[in-house]
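After this come two complexes, each holding chain A, first together with chain B and then together with chain C.
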Partner chain A sequence: MALAKRFKQLDHFSLETTGAYNLLPFNFHKLTAEKYFCANLVGEHLFLTQQELKKLVGGTLPTSSDTYLELKSKHFLYGLDSDAAIDLLALKFRTKHHRIAQFTALHIFVVTLRCDYTCQYCQVSRRMEDEGDFDMSHESAEASLEMLFLSPAKSVKIEFQGGEPLLNFELIKFIVETALAKNISHQKNLEFVVTTNLSMLDEDVLDFCEVHGIYLSTSLDGPKDLHNRNRPKASRNGYETTVAGIRRIQERIGPDKISALMTTTAASIEMPREIIDTYVELKFHSIFLRPLSPYGFAIKTKQAAKYNSERWLEFFKEGLDYIIELNQAGYFLVEQYTRIILRKLLTAENPGYVDLQSPAGIGISVIVYNYDGDVYASDEARMLKEMGDEKFRLGNVHNDTYEQIFSADSLLEGLEETLVESVPMCSECGYQTLCGSDPVYHYATQGDVVGKKPLSFFCNKNMGVITHILNLLQEPKTRKTLESWI
Partner chain B sequence: MVKLISTKNLLNYSAENGEVYRVSTNASLPSVLRKSEALIISDEQQEIPAGYGLVLSKEPREGCSTLSEDLWHLTDGDVVRVDANRNLIRALYRKNANANFLFVTERCNSFCLMCSQPPRDVDDGHLIEELISAVPLFDPSTMELGITGGEPTLLGDRFIALLRTIKNHLPHTAVHVLTNGRTASHKELVVEIAKLQHPDLMFGIPLYSDIASRHDFVVQAKGAFDETIRGILNLKSYSQKVEIRVVLHKQTYERLPDLARFIARNFQFVDHVALMGLEITGFTRANLDELWIDPLDYQDQLKEAVHILTRAGIRTSIYNLQLCLLPKSLWEFSVKSISDWKNKYYPECSGCSERHGCGGFFESSDLKRSPNIRALTFAKP
Partner chain C sequence: MVIATDKRHLEFEIDEAVYSMECIKKSCYALMAIGNSEISTLTNHQILVKMAILQEVNQSDAEIRQLLFDELLDYSLRESISKQTEGVRNVILANAFSRSRLIG
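And then the complex of A and B:
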């Protein structure tokens, strides 16, 4: 039986014949001899065989094939029956980049550079606890807040950094209260987070955080021996202090108010499982497997040079496998870097992670107000300054206007010169939309904001991580686990 | 099933009195109010009161029009339209119904394979004028009004006028417009809609495939896909609420997960997606062999589609499918969607413990329904 007479068959509406289609822009990356990962400028993607890829580009792909329909659905091509693909691509491109108009989301206040820890890998070149002249003044704080409220961003996060910011808790209180008072007229969504080693945590701090819904973020490198080795403290009880602090916050103001970050040292790299177990034991549902950044003491003490990207990737893969295993055994635990990549890959949104954006995240996603009133394009930019290089110092809150700071040459050039869409190797990379541009990193390591990608730890790391995630997604059970992280 | 039309005995009726009336059983209304009311007179009432626009009696009675049994459900606050030429009375609005739909035109620019209301190219402009005059008689506490056709937006200015009347007279009533969205590909209409600033207006727009030619085939109109896509984009760019509606049948179920992915990637901003079982009426009857598939046979695709949509944060519902055909994981998405005046249950359902949560069937399911309908005998988790 067929359709009633007055109706037309499907053929009547399919205007395509083989070859009668138009290609839209896309990149591809060879995963294996037979499998190519193909992605367009909005992150829609699929896997093709070499044969299919050749046919697609050569205009000989049969329009009746499922591959053709998938390519059409995902806007790799358009046929004679419809050109809505172009409107939709434009829409998706705007969606992926809407954060640019909403700059700057993260404002880092370095309220002091003093610290009670003596970490070998310290990337910010902290100062001794009792050294003077490394605290931010009330005047600098107020001028920084003035600047913050000039940002177009509707949602703004204020992060207190150091040194150890709680050594200058009085200024944190001043900044929070001043910001909230100013915000009555500005009506932004304000969020506060204190990045702290928790050694100064007391009832006053907890009360204040509870009242204002302030989040705390700490460093936890793994089990006791590793943590204390990576993060030495005169009293030799860094691990105990940190763990006690985490538990106290979880109980007192809620488990979602405290998160932890780990940094991978040469000692860490041998023990991914033990590190992850430490997080599980503390009932964290999130972990971020992070390599050392090559700044500050990490360079001085040659900590950052102790493993290469291959070794780090081994660590990452072993860790991620174990995390997936834990999820499948019933404990929900997200690896944050993987989650960022997955959201870029599998959703219409852009998670807005500073290091994985194009244009780069400097200035757009993050800005730093240093203790002395200087303004930097990113946290790494001020790390670089403490090493004597002021390349990404954009100005000073007391001497420069918002307009001068946000149109500083080093910022604009850093952004313009490093767009992944135009940079050698990135421009043709299949992972372009999943990755991003990090001008400060490449300047710090290669003396050039673009850098040579084959020599870049950043590039090697991301190529390896993304390839690994794409491979993991091929296995249905693993895919289901990973999808649950989005 | 509640019948809405009666064609009996409109005696003593003159069209000069107007054509739309609010139903009343109160025979002692102040006389100045009576003209716009249709009185249903009780048998005990000795005298026929003067001044009512229309007097209806359940039993034949001197000086009254007879109300056929189909319309005995009419009660205070309902609104009826009277067509003297065709000797016809139709319920336009029932105060106590769970849904009221305003049928504004029979004309349409699509010709969908499964149209439940086959379009006719007729001059029926009077329909919307009657509705515009009827809306002020509706109860202001009405929760929701539907607008349907045909393609309502083909009426242009008059469609806007209807929306404006609803907004002004029923400011607390949600409005749901069933449209194919094609005319919204022209910005002008969308601008006029946006200007109304209606606080609770939603456009339900069907999208049957991620592939243009497949959608065009289902709606039997070349270029319809592009117009609908641009219509959705225009409506959303003017901050209008949009619901995407997908009727599930043999021509749409296979690519349902692909369509869900397409919606999640391109239209993540839509306000609702409704995945709907087929109603066996209108053109569906003529094309039944090309449309019918036992819903049990597309549950894998349905499950995947719901998973994709909900993971993207899109509010998703399943309409017109019976709980005994859905895997339990989909029950939470199932909505009792069939209007009370057209739903029913079958002998297979007797003894089912889940009937309270199940939408049941269309009257038209007499013709075709899944052979896998059965009574469930467990409690919902």
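And then the complex of A and C:
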């Protein structure tokens, strides 16, 4: 019987049987001349020698060998006796991708572009403190909240960004209270975060954050000289203000309510240990070793071009080794990027980190409501806009519907064209399930949402980081430490 | 086989019976940070790769040749896996997304 046109013909699904077993889809990455990391469709993985890999693909791997049994149990192949592995793999694949239907989890409100700092690497092209035209209005905030509650996601995080968002604290209060009131009928799991430099922290802010369980996130680049050099503040000592704010929040609201992020500049890259020590002194238990993003003032001041991926990887490896050393000496400290990759590698969970997803995180994991009501596909997309490129502007909360915004060509094309399962190199990369796609980054750096991966900082960074983590996991004591981070 | 080498231009003649055109293209793509490749077909199923090595690259000619043939071997294994698993991949993806409301 002929099938309707929308269905593939039956031979599209034919299962060819040759030899003593059949392969299931998998990718591999060469770690050394002899050692290959192999991962299947859902990220189950193992290491093979080149000989074992050749035998496996050639259909000559002895079915009595331990390697065969491990490959069978991890769904790299199935025997002639049963094809149940196919259904199991399909189920796991479906589970892994389940969260795609539960979009969008992170909603960023840019409540003002004004800022009291003049950071050389600022990615959002901040405005002076007194430029009131760059504040979000109540109308834009309300319209953005209307849109937020149309998201299918059950758990939603509202993140306030700037500029310095506390310069528009009244609007933050309005958004939190309005969101909580609306949520009585929507019943989503709501969480709030204020990303702030802490210079405007006062009793009112602390009271409000305490009452509503609001998290605060700040920037801390390392020791005093480095922090102040990276993040200059006219008339005041930024480092002392930040540290005092961190301590105040830790004591008043709780140590888990404040976290910090660092950005690696050319000055930072020589001092990973000193940066980490600063976090330990402040009793933080997590640090995120992040390279500079190539947007905004980071481009204007040429900060983004001052080191390459190889140099950044040296910094990362030295830092991670030191963090492991500290853990083994008794101080629990997690490196967040490593933790995300470990969770992808060693658990069935998808941590939903925006930069390490396929389809990409734009729109699916994050959406940005800018101060003027414009909607962007990610934080980096609005940074790009501040540089004059509106490629990833999806619409405006006052003029466009939710459907129009989420079916904008720039979003759908950006997602469809950059699936790691279909782009050059990524489609056959052994790290595919650990990595992801970043169309905005590749558009910003190469003028193309897919990007040429051999020339990409993003690809080189992730290849280097993942390979380093896989190597670290080979050493039992280090593995135990890393497993404690998951 | 390296058949001709000048200062920083390498030429490789590759037997298409051993490595497919697809594998050769993918390998050259993967080595884009080493050099720009121009691929052409010769007679007798031979494929010629002319690679202009980028100025900042320090590897020797022999090391670059090794890198290319390592990539070729890896991509030919990947090609075999892909051919052997095409049908089952389609079954898995069809099963995974059936009744998931993720496809129309």
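Observations on the structure shown:
Here is the rule we go by: the second predicted complex is superposed on the first by the 466 of 486 C-alpha atoms of A that agree within 3 Å, B and C clash if a C-alpha of one lies under 4 Å from a C-alpha of the other, contacts with A are read in each partner's own complex, and residues count from 1 in each chain.
Here, contacts are C-beta pairs under 8 Å (C-beta built on N, C-alpha and C of every residue); 3 or more make two chains touch, one makes a residue touch a chain.
From a predicted model like this one, the values you see are computed outputs, not experimental measurements.
In the superposition on chain A, A:Ala348 makes contact with chain B only, while chain C stays out of contact range. With both structures placed on the common chain, the touch criterion links A:Pro424 to chain C but leaves chain B unconnected.
In the superposition on chain A, A:Leu23 makes contact with chain C only, not with chain B.
Touch criterion met: A:Asp87 reaches chain B and chain C at once.
By the document's definition of touching, of the two partners only chain C reaches A:Lys54; chain B does not.
Of the two partner chains placed by the overlay, neither chain B nor chain C lies in contact with A:Lys283. With both structures placed on the common chain, the touch criterion links A:Lys72 to chain B but leaves chain C unconnected. Overlap of the chain B and chain C contact sets on chain A: residues 8, 12-16, 87, 91.
Chain A makes touch with chain C in their complex at residues 8, 12-16, 18, 22-28, 30, 41, 53-54, 57-58, 86-87, 89-91, 93-94, 97, 100-101, 424-425, 428, 452, 454-455. Residue ranges of chain C in contact with chain A, taken from their complex: 26, 29-33, 70, 74-75, 77-78, 80-82, 84-85, 87-97, 100-102. Per the touch definition, chain B reaches chain A in the complex via residues 111, 113, 210-214, 216-217, 220, 222-223, 225-226, 229-230, 233, 255, 258, 261-262, 264-266, 268, 283, 286-287, 289-290, 311-312.
Contact residues on chain A toward chain B in their complex (touch as defined above): 1-4, 6-10, 12-16, 44, 69-70, 72-74, 79, 81-84, 87-88, 91-92, 95, 347-349, 483, 486.
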